[in-house]
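So that we are looking at the same thing, I have put the structure below in structure tokens.
Chains: A, B and C, in written order; residue numbering restarts at 1 for each.
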């Protein structure tokens, strides 16, 4: 059993992803990756720049936290490609993303997508993290036991 | 090993989800969650109110049952948000959903989505189950070993 | 432990899928399913006949291979329904699919979808594999430890 824990610990260590661009307010992915007390961990992928979809997903997240209790569930939202649009500081979803971050939800931008769209960390909502490749981040989370959801 | 079975049993117990609205014909989620003989378990998520997509997914399900044998695969379809539209008793997919239920497929409506859309159990195809939060249902199924598919 | 390996071996054996149509250039699914040295295995599902989406996914795959190293990641793309369009020999993505195959990526067409669309193996890009049911293929890959991504 102990050797399975070692494998898990190794998997978590591997998850420390290098950052293509950093700024003071955008913390490193991996830092708070696992809420220690969270029994349930969800990694949610969004690829669409669709305000209605984002609002629905943010409402879903509030429902999940309400049903399970905030401290019993860790939630990470990974935005890829057009999905980055709603993580911009001036997006219609910006305030709701800020509220969700305050409620313990992680938001992670795909660094490769940021490069294509000429976005820097300063363009994003404060507190959004950055991973080099969004899909690698999702892969590593799943490998570490996170449950994948694709709204 | 026995202690892993205990953990699985516990996980299955946790899955008994409370119901926001019940009616005589809409059975409780969790009741028949695991077909005891099913070696393969699939939880399929649908978010779209798109007749063509639903018909394709229902055809896919028939193909899966034909390939693996009905008794070797358990299939649960979770409808969230707009996806609820096709579970309404008067939808164009209603008869095909009924046929699929008769063929052993579970259909589960997201209770939170029902509330937003002012739907009650009586508005849905007979036999459709209800979970409080669709994504929590999908999470719990995955935690219990179900394979996630997002058509 | 040895008995867990036996279960895995059995699962891999089950994966040898029968082919609805074969041709000289379209190899059998299952043949090279697991790159022996790959520590990470990704099964990516595409259902859309959307050139822009395919180009993005192919770019994502290149990024994943660049970040992890080609020999450290096995990638299989399963195309279902309309997703088959981009695997046709005359599609706008054909050359990029060929390049990806040369870079070690597997592409697998859903045989049931091919039948509906009256496609034969000869209509597809050279090297594309065929599974009977795309979703069964994805299920089996996940059961064998592959990580599921749905762009």
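Just so it is clear, a residue touches a chain if its C-beta (ideal position, glycine included) is under 8 Å from a C-beta of that chain, and two chains touch if they have at least 3 such contacts.
Please read these numbers as outputs of a predicted model, since none were measured by experiment.
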| item | value |
| --- | --- |
| Rotation angle (°) superposing Cα atoms of chain B on chain C, nearest 5 | 120 |
| Same vs different contact residues, chain A with chain B, by half of numbers used | different |
| Averaged-CA centre spacing for the pair chain B and chain A, given as whole angstrom | 27 |
| Chain A: positions in contact with at least two other chains | 148, 150 |
| Touching residues (chain side chain A, partner chain B) in the complex | 40, 42, 56, 59-60, 63-64, 67-68, 147-151 |
| Complex contact set, residues of chain A against chain C | 45, 47, 80-81, 112, 132-133, 135-136, 138-139, 142-143, 148, 150 |
